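Letters A, B, C, D, E, F, G and H name the chains as they come in the text, with residue numbers starting at 1 for each one.
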Amino acid sequence: MPEVAIIMGSDSDMQKIAQCFEIFEEFNIPFEVVVSSAHRTPEETKAWAKTAKERGVKVIIAAAGGAAHLPGVVASYTTLPVIGVPIETALLGGLDSVLSILQMPSGIPVGTMPVGKSSGINAALFAISILALSNPALSVSLENYRSVQSKKVMARNEKLQKVGYKNYLKEFGEFK
Amino acid sequence: MPEVAIIMGSDSDMQKIAQCFEIFEEFNIPFEVVVSSAHRTPEETKAWAKTAKERGVKVIIAAAGGAAHLPGVVASYTTLPVIGVPIETALLGGLDSVLSILQMPSGIPVGTMPVGKSSGINAALFAISILALSNPALSVSLENYRSVQSKKVMARNEKLQKVGYKNYLKEFGEFK
Amino acid sequence: MPEVAIIMGSDSDMQKIAQCFEIFEEFNIPFEVVVSSAHRTPEETKAWAKTAKERGVKVIIAAAGGAAHLPGVVASYTTLPVIGVPIETALLGGLDSVLSILQMPSGIPVGTMPVGKSSGINAALFAISILALSNPALSVSLENYRSVQSKKVMARNEKLQKVGYKNYLKEFGEFK
Amino acid sequence: MPEVAIIMGSDSDMQKIAQCFEIFEEFNIPFEVVVSSAHRTPEETKAWAKTAKERGVKVIIAAAGGAAHLPGVVASYTTLPVIGVPIETALLGGLDSVLSILQMPSGIPVGTMPVGKSSGINAALFAISILALSNPALSVSLENYRSVQSKKVMARNEKLQKVGYKNYLKEFGEFK
Amino acid sequence: MPEVAIIMGSDSDMQKIAQCFEIFEEFNIPFEVVVSSAHRTPEETKAWAKTAKERGVKVIIAAAGGAAHLPGVVASYTTLPVIGVPIETALLGGLDSVLSILQMPSGIPVGTMPVGKSSGINAALFAISILALSNPALSVSLENYRSVQSKKVMARNEKLQKVGYKNYLKEFGEFK
Amino acid sequence: MPEVAIIMGSDSDMQKIAQCFEIFEEFNIPFEVVVSSAHRTPEETKAWAKTAKERGVKVIIAAAGGAAHLPGVVASYTTLPVIGVPIETALLGGLDSVLSILQMPSGIPVGTMPVGKSSGINAALFAISILALSNPALSVSLENYRSVQSKKVMARNEKLQKVGYKNYLKEFGEFK
Amino acid sequence: MPEVAIIMGSDSDMQKIAQCFEIFEEFNIPFEVVVSSAHRTPEETKAWAKTAKERGVKVIIAAAGGAAHLPGVVASYTTLPVIGVPIETALLGGLDSVLSILQMPSGIPVGTMPVGKSSGINAALFAISILALSNPALSVSLENYRSVQSKKVMARNEKLQKVGYKNYLKEFGEFK
Amino acid sequence: MPEVAIIMGSDSDMQKIAQCFEIFEEFNIPFEVVVSSAHRTPEETKAWAKTAKERGVKVIIAAAGGAAHLPGVVASYTTLPVIGVPIETALLGGLDSVLSILQMPSGIPVGTMPVGKSSGINAALFAISILALSNPALSVSLENYRSVQSKKVMARNEKLQKVGYKNYLKEFGEFK
């Protein structure tokens, strides 16, 4: 039974939030992934959103670009927390996606994630921070993830201090 | 039987497109006006959009602000032409409304109107230009409207030439 | 006799709205395509716009970029519905094109299409939604187009459910 | 014991999210409100964020404007879900606040709310949607809230249908 | 015989460039002022632009807001230098006006003035700098204007040095 | 003796306005080109601007990017007409360059050209439109240029009508 | 002998950075204030900037709006640290001022302050942080200022905790 | 003992400010470089910032992108002057980075550098202008640097005058 449900308006967005899937696998969170459009398959999107809760879903992640209505449309059919992921576009670097997701009217909230490289990862981690509220083991895993993350930054800095910035710049990339 | 249907996400938008109603009355076009939200009353909005054609509606005008999903959501449920009217907001003067309506994905078109003072009037005139395609009398009325409009500008200019810019600036407003 | 007339300010914009032509061919809509500039050939543009109605044209699509005056200039010479197509530019991703087309003053409406990939397709579909009002067969074709479009999204989702997101990501592209 | 903790960088932001408090009172959610600045009282902010979990807090709402670092700084010290509320500013209507909160780097998620009138209400409702996951009674209350909200929109529409748009416009405001 | 011709799309823009008229009067430059719209009176605008040269006009100033096509449309009908004046709007403070005037395509130049308080004055002074090329007396007047302008700034500074910033702030405005 | 003087803040901008030179050669206008920075060589820039008039210069073209102060700084030292050319940048596609040149304060006008492909050509043509005021032969050449330009667009359209859009798209580019 | 020199392009900007003066008085830093324009009094501005060092000035604060060249122009004539203060405008809330000051080319740095309420205060405090590097007593004063500032925030929070948010909202303002 | 300390939120930003290091080496300024994140290693960042003064650091340079909190967070823990360096992003070309660094609240100043090519160089030169206040030899070096920089521009111009713009364009690049 999926705890998180991920919906995309177009399969062309899938690669852009693929890191999201990796995070959920790393944390052993069961999740479902569907392609369904707010505009091209509105009935299917509605049915999916309305039944999410009974499928066991606790958090929904909805990704879309341009006039990105999907997160808001999904939120209009469920009271589950909906996380919106704006996909980059050519117009203003994706400001259209951001504003279409962010500026929801009173009463139907959507929690918006950044546009760009950190979109998928942060959507997953935000969902996990919600799930962890009622799952102490997951909460520990999340703390550990944060700790490992900190240590990676520190390790990079240690290496930088050891080899100096000139050598670091030459080898640049291996720590990525 | 209404030929045009006007939908607003919130009654607070009604005054902003009130000139729209006046135009339809001037042209004797029967129209309906409803308040229904893409997010707060999605079922009602969907039902309304799906039945518009059978109510005799030929053109839909949908006005919304912020994450302005209403025009796109309505368009997803009908093949009637949908005209989107972005309502001004405090963020960037309404660029959020504009982009949420304008940047529709392939397959579900919305014809977007300007944000600002000309929104309501132009939405009505655009709808009338569509209706006039199969209504020769309406087409003549529209040509006349344009002609009157031109003459008003010309009359203002004639007055300006007659009284000079100094006097015109003093009396400014009476031609409005 | 063309039912739709497409005008571009520059032949360099032609490839960007080429999908527009394909849609009209798919729907068997006769159309004309011209290159004529609002600024470089204003007399020709004017003559073309003024005679569109008598050539049998019902809907005009005008595409331009930058200080994109073409749709507005055409609209000033005809009461036919004018659909504006903003072409992408380097400045803000085409916001100059969008605003030059969108922000028309009271009295001369232009229905603006998105800037980007969906521009051409949506301009064609919007024109067809207008033509379909007085053409029941076309209305049926448009409903079918929508239905096929929905089924394509559903088919992608079915495939995704069958093969899983990992395999789907690997094969990515074949459904495009 | 507070379930939600609300932090503001400045007491001048309090009135702007005051509706947030009303929602929590309406839903009987215990909450705390503090003023603490990411920049002027960084130690206090840090201590507050690090101890939120042990105070029983489940969700944090952080409001700030301009270079709005508070939500991100709080998120860097806790794994609880952090909801960011951008406060309007004079620059681009608050786009500085939005981007400073939204564009968080990989690993430290913040769920961003709209800038403008719906900020406070939606932050509260989003927090409640999270709390409701482990509180069935709250979940029912939230469904009811949505239902009442829908009915208010429908009641406005019914009134509009009954009195007509002209009378509605005259009385405008009473339904607000 | 007017040396400068000023055209506005709407008489509502007249007050915004009124300082322009004062400058021309101060410099004794004969000028004409007309209201004519690119969109509402395109034929009149065209006729006016095409005959400007034979009326003795040397420089044209065209002011418009929103989808501000007037300067470009005028420029398409004349080879006289055209100065574009963007009028402030509610959208992005007038960025729509700026971009509609500024981003002209190759071949039809328009020299764009600032949006805001200095619009009218600078349009007039720019026109005068052009006229002064073949009018030595005017060139001297322009140099004098600049010199007086410098002295005003210097006088303000002298006063500031004399009375100190505290007193200056109190009396603030009298030098304006 | 140069009639036009072109100044660039950096030689890296030269290629971006190279078409400007071609236009002046085509019209046989003597011109000078210098590299001098508003910030890195302020004394040289000042000396150059102050002596432009005595070198016979009638119009100045100043190109710069980013905090593009060069046109304004040059204009502060001369009463000759100054044409500002904003160079594209990575930030917002060059909006920084545009605003730094455009938004000059009252008293020191700069006529701003578009940012992008038409920058150099239009700067040259605008300068020529100024020079043509006192040079009837040049005025004729400019009219001819416009006429040739119109004919090129018409020729493209004729070809398009002859070969059809499909073949035109295939051969696309040869008319460029 | 002034340690800090403040220059404004227009006396209309003085009130907007008046808090700057108060800070310097509070810290007993001698300062000079002048009005001199980059464009209207370029010679005076240049002379002032070139002699600042010999007048004992260590840090320069330059405030300007629109095409805000003053900070950059001053920086081109001195190697003293120059702090740029963007003044709010109607266009995009002052983004023109920000970008004109911020986007300086390589070699001539300007340290830019925020646009808005904190402009003047932060310019002063940034200057003081520079002066404090060679003035231990000033460094202590600056630490104290920070400490007082922190305590003010804490006092507001204490009051909030004591009276509760409802009473605090009623009395709102007295702590300002 | 380092006089300047450079901190980056991510080692992926290092290459973008590498020219910064070269400038400090050219001027023989001892400096330290660390990677530490405002969000991923907040404790380390805080400890580093709080101890900077006792390590002998006089000026801090902090580079970050997106929701670029690092400069502000560092500034909240020290009274040393903090120079913020916005790193380019895909959203609006880095306007998110700019605004997150620039728009600091009253009391905690950050001097912001340009986004783009001149970021690193100008950050270093601005730091040196501060250090030079108490280091006469450094002040001379900085004057020399400026002088060499001016001469490079002049040399390019001399070459341009000698070879002409056509040859210069051909060889373009060798002076870079």
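Everything that follows uses one rule, which is that a residue touches a chain if its C-beta (ideal position, glycine included) is under 8 Å from a C-beta of that chain, and two chains touch if they have at least 3 such contacts.
Because the structure is predicted, anything quoted here is derived from the model rather than measured.
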For this session: Tell me which of D-H and E-G has more C-beta pairs in contact.
Result: D-H
Exercise. Matching D-G on over half of contact pairs, by residue number: which of F-H, D-H or F-G?
Worked result: F-H
For this session: Round to the nearest whole Å and give the separation of the Cα centres of chain A and chain C.
Result: 33
Exercise. Between chain B and chain C, what is the gap in Å from one C-alpha centre to the other?
Worked result: 20
For this session: Find the geometric centre of each of chain B and chain F from their Cα atoms only, then give the gap between the two centres in Å, rounded to an integer.
Result: 40
Problem set entry | Per-residue overlap in chain H, given as positions that touch at least 2 other chains | 10, 37, 40, 66-67, 89, 91-93, 95, 98, 102-105, 107-108, 114-116, 118, 146, 149
Exercise. So which chains end up touching which?
Worked result: A-B, A-C, A-D, A-H, B-C, B-D, B-E, C-E, C-F, D-G, D-H, E-F, E-G, F-G, F-H, G-H
Seminar exercise, completed: chain C partner, complex, touching residues on chain A are 10-12, 14-15, 18, 21, 33-37, 40-41, 44, 66-67, 89-93
Seminar exercise, completed: Interface with chain A, chain C side, in the complex: residues 88, 92-95, 98, 114-116, 118, 146, 149-150, 153-154, 156-157, 160-161, 165, 168-169, 172, 175-176
Problem set entry | chain C-facing residues of chain B, complex | 58, 79-81, 83, 98, 102-118, 121-123, 125-126, 129-130, 132-134, 139, 142-143, 146, 149
Problem set entry | Contact set on chain B toward chain A in their complex | 9-10, 37-40, 42, 46, 66-67, 69, 72-73, 75-77, 89, 91, 95-96, 99-105, 107-108
